[in-house]
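Which chain is which? They are A, B and C, in the order written, and residues in each are numbered from 1.
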């Protein structure tokens, strides 16, 4: 009967069960990266769908507005950025959902390794297979929108930098809504307002490149935004996952 | 191996519904503790609290006599938890699934160990098929292979017998007893009636006292 | 100190204390709003550029101030709830969210109404209005997230996390929108940033501002009190209270 004796004596406390740490965090991180990469590459449609969506949305604009190259060129930076942002958003809902449904998320929460770091690994895979391909694909769509020459490199670079922040911020929303059966629309509602600064400076960078202004400031701010999100987002993701797992 | 999980005046309230309160537990090495109770009596919640997943409770938990908060890392390194869902990825093969768990559990990534563990749960020959092609019972067995693959003294198992056939049930039961006899400790919920052994102890939740106070 | 905070955190104690505070805030709100609006609408001098239409700032500016303050208050309440598990803080946060959204909407609406005589259009992508619009979406997100969970405990925590994430983002959003605005519309006439406002104009504004804050505090106290009764309706002290009333 544990209530009668005082169970917590210091002699017992002096001998906690202890194991020698082995590979530790790096091993777990590498395994998580590898697992998620393999998973996504086995379901290739999940990687391709955002890219197709991106191309499709870009196709809608000339049809909906006008095929006039001059007009398209003026709005191209914003269009490309908005469409890429939506495409990245589209793939976020599945970021933790599979792990939630099959119980892997519980196991992830119970490893001795910090959840924030493991969550970050999952986000890194998401960016690698969503944000980065979108960034690489954007110049091609830029040609179709008559994006002025000289801004293609900046377009890809700003998207690569920006989508990293988008993946991190979006992962907070994905973690908050993963326990909800219909989290998809809610996820957009939570995440899109938080995307606005990235959109402003991302599209601004391309705009500046077209106008021939310096783009260093924009890219620096995008980098700074990424640094700030890298600092805060992993903790918010970890806290949100813990909340969702108990919902 | 010191092994003692204690709870003092544990109480849990979810959305103003009182699941249990004033629960005192003392679980030691060599025991199989079966948590019993009707549906909705908080069995899973209790297991989640005792495995450190839920922080939303009153009372105190102690691991080897030290408040849980201070030794969470140590505790998690001694814990193996299997939940309702097996935690197995359908798109990965059993070997790949186990490799991830090995890495998470900080065990050396040895393929031979994984193969042996799969053979131990009767899955020899299935190791390279996508787990999604296996039956529900076989998928559950992949998860159970972790019991051998990543040796941990404390097992917390939520309905581990789900979807397992009769032979598998007998083998798993024997495995639990063997684990307890070798100084481990098992905390389990199940609808399956466990064979009474010296190691077995019951905790009853919902409707009346629990015989944790024996 | 700590025991005091925890005592304040107990719903029962908060219920008792707020009962005594509430009338004072209601009285202050009524008095300040009355004085402020009469002064602002009738006695403050008309603006030399905008004439009488500028008087809408006596609603617009306090509403905009409050809209932002409430979000911060909500995040602080969320933090208190997450760190010290004080349930009253969460109840207050839940009650503040619709109020904040309403204030944001009032600020937007009054801005649009003000825009008509000033800009000749109901809506301009003015930096302040755009920030306000984004703030409204942030409020919608917090409210929607809280409503989406079936477990109230999880809903409370999720809403707290989102409010905290939002509050870190609000200044970033604000600065980036300001920057975006100056980039696209250099040197346009911004209505609210005037270099100096004569005393007769900003004194009623200050009074209105204080009035809005008192109103917010009073209303939050009132709503939190009824929320306490709702959530604690199974507790002994609430039932005793109900028996007393009956």
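Note that a contact is a pair of C-beta atoms (placed from the backbone, for glycine too) under 8 Å apart; a residue touches a chain by one contact, two chains touch by 3 or more.
In this text, all values refer to a predicted model and were calculated from it rather than measured experimentally.
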(request) If you tally C-beta pairs in contact for every chain pair, which pair wins? Let me know. (result) A-B
(request) Using mean Cα positions, find the chain sitting nearest the overall protein centre. (result) A
(request) Please flag the chain sitting at the greatest distance from chain B, going by CA centroids. (result) C
(message) With centres defined as the mean C-alpha position, give me the chain B-chain C separation in Å.
(response) 48
(message) Using Cα averages as centroids, what's the distance between chain A and chain B in whole Å?
(response) 33
(message) Give the residues of chain A touching no fewer than two other chains, as numbers and ranges.
(response) 246
(request) Specify, in ascending order, the residues of chain C that touch 2 or more different other chains. (result) 151, 153
(request) Please set out, as single numbers or ranges, the residues of chain B touching at least two other chains. (result) 56
(request) Going by the contact rule at the top, pick out the chain B residues touching chain A in the complex. (result) 1-4, 6, 8, 24-26, 48, 51-56, 62-67, 71, 73-74, 76-79, 81, 83-92, 96, 99-109, 153, 213-214
(request) Going by the contact rule at the top, pick out the chain C residues touching chain B in the complex. (result) 151-153, 231, 234
(request) Using the touch definition up top, name the residues of chain C that touch chain A in the complex. (result) 82, 134, 137-138, 140-141, 144-145, 148-151, 153-154, 157-158, 161-162, 164-166, 168-169, 172-173, 175-177, 179-180, 183
(request) Note which residues of chain A are touching chain B in the complex, please. (result) 1-3, 7-10, 12-13, 15-19, 21-24, 27-28, 30-32, 35, 38-39, 42-43, 98, 101-104, 106-113, 242, 245-246
(message) Residue numbers of chain A touching chain C in their complex, please.
(response) 172, 176-177, 179-180, 183, 186, 189-190, 192-194, 196-197, 200-201, 204, 225, 228, 232, 236, 239-240, 243-244, 246-247
